[in-house]
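Listed next: structures, encoded as structure tokens.
Next, two complexes with subunit A in common: one pairs it with subunit B, the other with subunit C.
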Partner chain A sequence: MFDPYILQQLAIGLSLGMIYALMAIGFTLIFGVLNVVNFAHGEVYTIGAFAGLMAISAFGPPLLVVLFIALAAGAFAGFSLERLAFSPFRRFSDEASLKSRAMREATLMSSLAMSIIAREAMEMIFGSQFQSVDLAYLINKPINIGPITIVNGDLIIFAVTLIMLGGLQWLLKKSPIGLSIRAVSNNALGAKYCGINTDRTIIITFVIGSGMGALAGILVGLYYGAIFPAMGFAPGIKAFVAMVMGGLSSIPGAVISAIILGLSESLSTSFMSSVWSDMVAYGFLLLTLIFFPQGLFGARRDRV
Partner chain B sequence: MSKSRLIKLGLIILVFALVPAILVGFDKGYYYQIATIAAIFMLLAASLHLVTGVAGLLHLGHAALYGVGAYVAAILGAEYGIGFTIGVPLAGLSAAAIAFLVALPTMRLMSIYFAVATLGIGQMLFLIFQNWVGLTKGPNGVMLFSGLNLFGFEIDTDLGIYYVVASIVALSILVLNRLSHSYYGNALRSLREDDQCASAMGINVTVMKIQAFVISSFFAGIAGALWAYTTGYISPNDFQFSQSILILTMVVVGGLGSLPGALIGALLLIILPEMLRSVGDIRNIIVGVMMFGAILFLPKGLFGEVSALNFARRMLGQGWAAKKGEKGIGWK
Partner chain C sequence: MKLTRRTAVLLTLATSLTPIAAFAQDSVKIGYQLPLTGNTAQYGQGFHEAAEIALTKFNASGVLPVPVEIIYEDSRSDAKEGVTIARKFVDDDDIVGVLGDFTSTVSMAAAQVYKKAGMVQLSQSASHPDFAKISKWQFRNITTQDQEGAVNAAWMIEKGIKKVAVIAEQTDWGQSAANGFVEPFEAAGGEVVYTEFFNRGLADFRSIITKIEEHEPDAIYTGFFYEDGAQFLKQVKQLGADTPVYSTSAAYNDTLIELAGDATEGLFLTATFLPSRQDENVQSFVTEWKKTHDVAPGQFPAQAYDAVNIMLEAVVRAYPDITRESLRDAVAETTDFPGVTGNTSFDDNGEPLKELTKATVSNGVFVEVQ
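Up next, the complex of A and B:
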């Protein structure tokens, strides 16, 4: 009934979607709390990949340790990013200025500037070429399931995304940190009056979101065996698309949209040349913006 | 002679006599190249200024519309033998036409949503440049061998090309100056500040936004055509997302909403990296650091909007000055 080719494409699309999802979660988390777009998220992803790569070439630890090193590097990058590019613009803590357009545009551009600096610095240090990755670490050993072939990386990415998503939901809904994150995202000033340290909460949000982005980076780097300074740009835009499609502040919405994106991208390659598959993502973005401006799964907003 | 006449005359002398004199003095092809590139980017920054600075629409796909102009001019010139005189306006018009089609559905989007939409459209156009090999020759780019032929006169000296580019750019900037320092510009500024309020005051917000977007894209297309003719070779990499960001940086560094600021920003960001060529790869980092520093320490830009408006109205716009025995219009 099902063509094995289509099934294979579905499997590829699912793992692609999971990668986008992993990145979109961090993106959406940061947007949900601060209501600003973090354009440097793609660079955090690259930093994660490079940190993992450096760990591998320095002392060759087991894969799990590499993942944790990438996570730590991403967390640190998120912390510095927040301190450098976001906190200087939170001069006033009242509601209006926190959500004002000036604030949003200033942080948008400062995060863009940070991303330029980070990418160019990495290009200067490592060169713009693909880095060679130790073959033993690549997660692309094939596994046959019936008519289709997947690689062990698919399973790892799937598992990591599920763990991350579950862990995040637990953190947001059950833990005191999650409570303060949700409070700040709902009403920063109110949270402050209730004795929540808003600055610390925002830092924690950045650390969590960026850690997840960096983890996505090293996983994808090992999955495709391609680590290079500009690698964060394309998935960054895809994650952005997923976030907009999902309704900007809804994490489950972003994950579902990311999977839809991945699936449609890989299925589209059976109809057209693969160089055009990015067109599908941008087409989705525009269609969503035009017909469902508040996103497919988002809460209603007054004006978009 | 009044002060405002003096400034205008000074600007004309600077662009059409002083800079060429310096260029002839050094007589290096490299300097001519920098001068023409700086002029083209000044036009790009001035056109983005109209959309992002004056009308307040964060536009992240300007380089793609600039690319449309470049590709139209180059393909017309290389394949169909349509020269500079007709190719340049056609390039501007086709960029404007595409901008109009884009603007129709996206103009009702607000702030960040509009930025994302323009980003998506910019990327789509970039994909077309890169992958529609039949039309755009794909990643190989288009070579444009035909020289710069203006009304039948072949212009092949570096100095002549500089003069042609500088006059077209100066004329375009004059138009943009009149647009942004007039009642029209004021209306655009009002919808930047509060579009609901502007709409209540009787301004047709959507139409005004579309107009600003289309006009700006027209000039971006002209800049693209000039780029195609002066470099003689275009490839998709010239019109990447990073170029949009570079143009945006020029506008931000100069000061959002300030036309002189945008021009200063463009000059700074083209000439400074060239002067820093000896330090090599760091120059891109310096662009990033400058952008960051400008946002952090000069939130109003090098030449902020208020002082730029004052300057423009006092020095450049006679229309704003009070005539004898009459009340001045507008300002104050």
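Up next, the complex of A and C:
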């Protein structure tokens, strides 16, 4: 029953899913701690791609160095983003403000504003067209496995996703920083009363989450050879859908949902016009919300 | 007088505004609606630069005693925005003619406003078959997809290609590119084995390519612009599919080769503008363009350059009695206008009569196929 055609579509779907998962991890981490969507995550992803691209055109370092430069740029972008868009809304430390949904949700707008400013600024500096990437850096060299074709980028992205997922689980469960991240995400006020420096914890979360977002940006940019200011928008939406499907704050849930999204997109192209493939992905989201209102993996109370 | 910051600001404002005020008194005003921000901004910015090159050259030449001014409005390739801009232009009594928009969808939406108000609209790129038919006020200087499709269909039949898969972007333009090819191709005895439309800006074509290969066509006919084209061609090569790809002038751009490298080798397409053509017009435009760019202009800035020059030539013909009506008639009179994209005349519908060049990519450059 598995002819090579279906196998090839499955392989494509898996690699698409991995790409969405890569972005969803950082996105979900930040949501888990603050309980608000960080609209600027897509721009952090783009900044990572552009930082890597500039490094490549400036002095052509090896790929691993490019990835670390993107990671650093993302970490810095995350730090600045937190300082500019999120921390001003936490400046009142009385209990009413800390519990206020309005204060928290105002950061939706401020992060959206930051994302628009960052995107338009990049458009002004670089222009909105695809940037030309040194073709030698692209991670799209074909590898044939029997009847199906994958590329070396698939393996790299798979490895990076696994490392991120594993590393993050280790960090959250075993390290003192992870403990404070989990404490803040569980009950920020309670964590504060217990003497955890919530401000610092939130900054660290942003730095880690944004570094991962930026790493995703440069990897996907090199995977497709397409780096442009608006590149973060479409994967941002997919990462958001994966996060909601996975139960909002479960990182493994988001990764699995991202893979489901990728597979459903590539397989649906076989049965209907490709313009409808997004509908299938969002259809899954609707079904999940109707039958599992807490998301596929959201039933457990353990956040992050 | 003490030079405070406020007086300094006022002085700067005053000095910068005076020339504009003097300028505005008797200049001829043309509106240009185009996407300067958003997803298609790179095209609009190309139009803007090409238009400025043409306009600067024209105003410096002193053909008219008064300067011509172009007022740019950003439509973001959004039909609603395009209609708003059209209303704004129509309400401004000083504006006598309009250029743009970029996409067929926006141009056709705005065209309804221009039709009602009676304002000439010349689009450099709206190639949907219905655009010029909207009213006597619509003109374009780009060849339609019916013309390009017919040339491509004849070209394939000549090469003995019988089975073709068609893929095009899901827009008015993409639909017309597909239909413009399929009709003459089927009429000539060819068979279309698979048709697919994709959303513009799709990152991953691999599912579609796998499906195309499943149908084993002799060739793939594509209606896409160069960025989608670069993605598509790279992924075709990556999946090891060796079916020849045919495309339209929309994919014709040096950036395509830059973005997709040797994946573009052997791509066939029809084009109107070749920057390598040894023609005085072409070379002077390419030289001006290269002052601010590393690569030669693609087809779209060239289209805009010609559109602006056609409009300016019409302004000269209509001067000094320029009204919206007289300018429209002057545009319609355009015959054998020697542009960088070939000679342009308009037929009764406002359609351009142009010749198409067949080109292919060989050793990393576009070359003409004889």
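Note that the second predicted complex is superposed on the first by the 288 of 304 C-alpha atoms of A that agree within 3 Å, B and C clash if a C-alpha of one lies under 4 Å from a C-alpha of the other, contacts with A are read in each partner's own complex, and residues count from 1 in each chain.
The working rule: a contact is a pair of C-beta atoms (placed from the backbone, for glycine too) under 8 Å apart; a residue touches a chain by one contact, two chains touch by 3 or more.
None of the values given here were measured: they were computed from a predicted structure.
In the three-chain model built by superposing on subunit A, subunit B clashes with subunit C. When the shared chain is aligned, subunit C comes close enough to touch A:Ser274, but subunit B does not.
In the superposition on chain A, A:Glu120 makes contact with both subunit B and subunit C.
Once the two complexes are overlaid on the shared chain, A:Val37 sits against subunit B while remaining clear of subunit C. After overlaying the two complexes on the shared chain, residue contacts for A:Pro62 are found with neither subunit B nor subunit C.
In the superposed model, A:Gly195 lies in contact with neither subunit B nor subunit C. With both structures placed on the common chain, the touch criterion links A:Leu112 to subunit B but leaves subunit C unconnected. Applying the stated contact rule after C-alpha superposition, one finds that A:Thr149 touches subunit C and leaves subunit B untouched.
When the two complexes are overlaid on their common chain A, residue A:Leu285 makes contact with subunit B while staying clear of subunit C.
Look at A:Ser132: by the touch rule set out above, it reaches subunit C but stays clear of subunit B. For the superposition on chain A, the stretches of subunit B under consideration are 4-12, 22-30, 58-66 or 310-318; the one running into subunit C is 22-30.
With the contact threshold set out at the top, residues 120, 123, 273, 275, 278 of subunit A are in contact with subunit B in one structure and with subunit C in the other. If you check the complex, the residues on subunit A that touch subunit B are 37, 85, 88, 101, 104-106, 108-110, 112-114, 116-117, 120-121, 123-124, 233, 237, 240-241, 244, 273, 275-276, 278-279, 282-283, 285-286, 289-290, 293, 303-304.
On subunit A, the positions that touch subunit C within their shared complex are 5, 8-9, 12-13, 16, 120, 123, 127-130, 132-133, 135, 140, 142, 144, 149, 151, 224-226, 230, 234, 265-266, 269-270, 273-275, 277-278.
Note for the complex: subunit C touches subunit A at residues 37-42, 45, 170, 196-199, 201-204, 206-208, 210-211, 214, 227, 230-231, 234-235, 238-240, 255, 258-261. Listed in rising order, the residues of subunit B touching subunit A in the complex are 58, 105-106, 109-113, 115-117, 119-121, 123-124, 127, 130-131, 241-242, 245, 248-249, 252, 281-282, 284-285, 287-289, 291-292, 295-296, 299.
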